[in-house]
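What follows is a set of structures for review.
Okay, so chain A shows up in both of these, paired with chain B first and chain C after.
The block that comes next holds the complex of A and B.
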């Protein structure tokens, strides 16, 4: 028999837990529809102005003293979003290939300094972002490289490879090595075995690692702040620049759109996984 | 007999973390005939799995050769060896359907789809899984997975099939059924099976010949009956079935029988051929070789274990010495504490030279 009081306490605790982690998100969503431009904590009335403002639709009719000044320019923001997406796409591809290859090599082959590699791959994840950011900046300057989208991609790859590696490694540890032996026994070369057996078995891990790498790349501020040039600003760096001049209602609208995109991506990921298993 | 598989002087050493060298295979010679069912039997660590993996190519040899149908396999990687394996864990590909699992060897070899489908259907039929091709391995029972692994290994029609303890994960009833099915399948396919097990009952049931291994060496090769009735040494005698070992000294020879005595004074009759008074030998008698009678070795029943069709007795000889294991039929009066006499047929005694 369950203790009803204990059960109620547990339910209450769970509810509080979800309120604690989701309340800040709902607050932002709520504020993004509040028309009060001066104090967003006081509800005035429902508006979509901040959203339309983001897309530059109302720019012409706006009072030059107030709203138009908040968004530096819609074009700039769209450019920052494009930069973020491009960087995330390249970074995800490179980090996923490198991280997966490293995980397979370390799990399936014996070679010198194997343990050393294993430990060293963890390091970029544990390193404080600010240290990594400064280190990368000094490194690029020393090499005489112009800060650009290329340096952002290289910088992101250094630590995102580790994330992909960790996730794929966890997956590979659960795969029976006899599967690859069975494939070889049935006449498949190592390459065919990799393609037909190992990679399909690893697919959920690789997909998970890639998704994580994409999200972290899109989200990174500290490291990117150091290694992005003036021309190639990512979305987080752009938002950070806006916030420095005060939290404006448009930022709530951007945040809400990002939350929406994240929910859509996460839901798509879950849906893909559920389709895989049955 | 023409041998299909010829292993000569196979050696394989492992180095332990402490730096000791251990011979997993210590000079193994073995021939397997083209339609033979050979079982590698021994306790864990005896080298039977290493030998199987050396044949499939997953374990490289430090010395010796392996030939299949006259061709030297020793230096070939596993995927170039024309033989297939049923793995202990079945190793089915979970992301493929049963049909694609079974057809994998053909797919990899580039067999056209239509012919592949026909051969997959044929292989599934042979193992009694017709119509299951569209399922996933995860939807099958343990016994069905076992059959899929078997179908996958025979689809390319190898001349030699290796089986690595394939029945160990099944429950007892299914295991006994599969033992018979495996033997039938092997007869029908007309190919050689090399089967690894640590279960002596399984080995006795299925094999044409049993290879008993210990510490990287072959202790004895022979038909199940030979191994059981005429073990070459104590290890084989004790590993296969239940055994009574009597270290005895031959007392006198009278016509066709000789009388021998243990140090404690238990008297045994055995065939006289080749026996000389005074020599020290070991006499082997299986529990079923004794019968409860009016005459024979006097003793007391220490414990009786009821096993359904028969009764397992542990009898302490009146003269002293280790308890004797006896299988009696159910219904024979033999309760704990009863005084009994154990008779035996001298011809059933197997003799190991030396004490």
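The block that comes next holds the complex of A and C.
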């Protein structure tokens, strides 16, 4: 950029862009410490009440009668978090296996349906959530399957297989097949070459895919919303329900904790990646 | 690339995913297609008989009555398409300059800002939308701030308007536009840009003749990735939009969870699906034609 004024303007615009992305998150964090429960947008004083209240530790000042109901909703929230973690763990395992296997098949084998598979494996990712969600809902109900954690895991695996597939495929593209050819020439069987030569080189890609799958599974709202039964709710669906019933200061506290968790996960992911590529 | 013979291992690698996606992805889509032609039952449920008025209703005719043309649903479809297109346009205008700026930064700060832009991928969608609910509320952050500064006397009514919906969609879609754009801008051949300027082309000419064509694959890629989830979105309009911000996704949700008219909801989903598949098909054919497959 030869023009210093142009560069200054571009810098200003870009910094504003990042303010636009991050300011809303800071608004939540700020107000999660605001003691004003009536209009949470008017700052009263610093408080941790919404956090302690979240875990059923304090009585609500405004409405003493709501205490019992509140502890119940705390239990629901913890249950939702547990469901989310369980679903994400199972989904990540299954989707990582399916996505990695297909990525290897497509990168290392020539077969007639290769082009078809390439498109077929991308499609679940491109399909709008709502279409996939209602498709699965009708499918499960028509089959008479009870909506439960199992149906949520199945739903998540359909599109997360795509994500893992794409991440692992990108990684394979950067791996020189010469090592595998050498392994085959030296008499290793196809299976041994795959396991002992290709898989170790792929590990960072597989880990990256798994991490992404876990994060997206934890965050999925739309598909889970349609196929979670009355019993098992995940955290995003639980929060969605809470927001629909009205804005409460406790939501700020939950949201802040979630933001904190995601920053930690993202930083960990970045650290892992930088360590692996060195 | 190692080319191996077809083998049992290939089958082993492909079979699980084929089976899984065949049953839990393709079959559900086929069932939507089937349901969209079934008769809605009186009390929820379906009757297993052929019925084409689900589509008739979408295109403006009430069940079985050809005389009354009332395109309520077409209007909502049109609104969904235009909101999605607007989201693409706004995210593009926001991200394009920033992608340039980031690509020109020294290594360390470039990595830092790239990290900042990918961070929202890890954070919760519902939390990020909730933030805008807090900001746009009549008693929310924006109005409190503006009124506190004395800039406005009455609270602005932004929440539950189309503006709020597009704003929310832009906010959640920005990273999806940024990354493909950045990849394209980063690959830009700067020597060509300099040559163009040295040979007397002005900034506008250089942009139109050199920069834009080279970054077009990135623009197209970003546009597709943003447009598709926007068209069928129902969370953003549910939280930030009122009756005027209702999109086709909300209609689908209503048919399944409150109106209990599954065949009509399926027909609406088929419309969303065909829009998406058309966009994908056009994008793929275009990418093949220009030979730029890296978008």
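Observations on the model:
Everything that follows uses one rule, which is that the second predicted complex is superposed on the first by the 259 of 278 C-alpha atoms of A that agree within 3 Å, B and C clash if a C-alpha of one lies under 4 Å from a C-alpha of the other, contacts with A are read in each partner's own complex, and residues count from 1 in each chain.
By our rule, contacts are C-beta pairs under 8 Å (C-beta built on N, C-alpha and C of every residue); 3 or more make two chains touch, one makes a residue touch a chain.
Computed from a predicted structure; not experimentally measured.
Look at chain A after the overlay: chain B and chain C fit there side by side. After overlaying the two complexes on the shared chain, residue contacts for A:201 are found with chain B alone; chain C is out of touch. Touched residues of chain A were counted for both chain B and chain C, and C has more of them.
By the document's definition of touching, of the two partners only chain C reaches A:255; chain B does not.
Once the two complexes are overlaid on the shared chain, A:192 sits against chain B while remaining clear of chain C. Legend: residue contacts after superposition of the two complexes on their common chain; A:181 is shown touching both chain B and chain C. When the two structures are aligned on the shared chain, A:89 is found in touch with neither chain B nor chain C. Shared-chain residue A:149: touches no atom of chain B or chain C. Of the two partner chains placed by the overlay, neither chain B nor chain C lies in contact with A:78. In the composite built from the two structures, the nearest CA pair linking chain B and chain C is 8 Å apart. Within chain A, the residues touched by chain B in the first complex and by chain C in the second are 181, 184.
Residue ranges on chain A touching chain C, taken from their complex, read 1, 10-11, 13-14, 17-18, 20-22, 24-25, 27-28, 31, 39-42, 97-99, 101-102, 104-105, 107-111, 117, 120-121, 123-124, 126-132, 134-139, 142, 154-155, 157-158, 161, 177, 180-181, 184, 190-191, 194, 215, 219, 221-222, 226, 236, 239-240, 243-244, 247, 251-252, 255, 258-259, 262-263, 265-266, 269-270. Those residues of chain C lying in contact with chain A across their complex are 1-4, 6-7, 9-10, 12-14, 16-17, 20-21, 24-25, 27-29, 31-32, 35, 94-95, 97-98, 100-102, 104, 113, 115-128, 130-135, 137, 139-141, 144, 171, 174, 228-229, 231-235, 238-239, 249, 252-253, 256-257, 262, 265-266, 269, 272-273, 276, 280. For chain A in complex with chain B, the touching residues are 176, 178-179, 181-189, 192, 196-197, 200-201, 203.
Of all the residues in chain B, the ones that touch chain A in their complex are 56-58, 77-81, 84-85, 87-89, 91-95, 104-105, 107-109, 152-153, 156.
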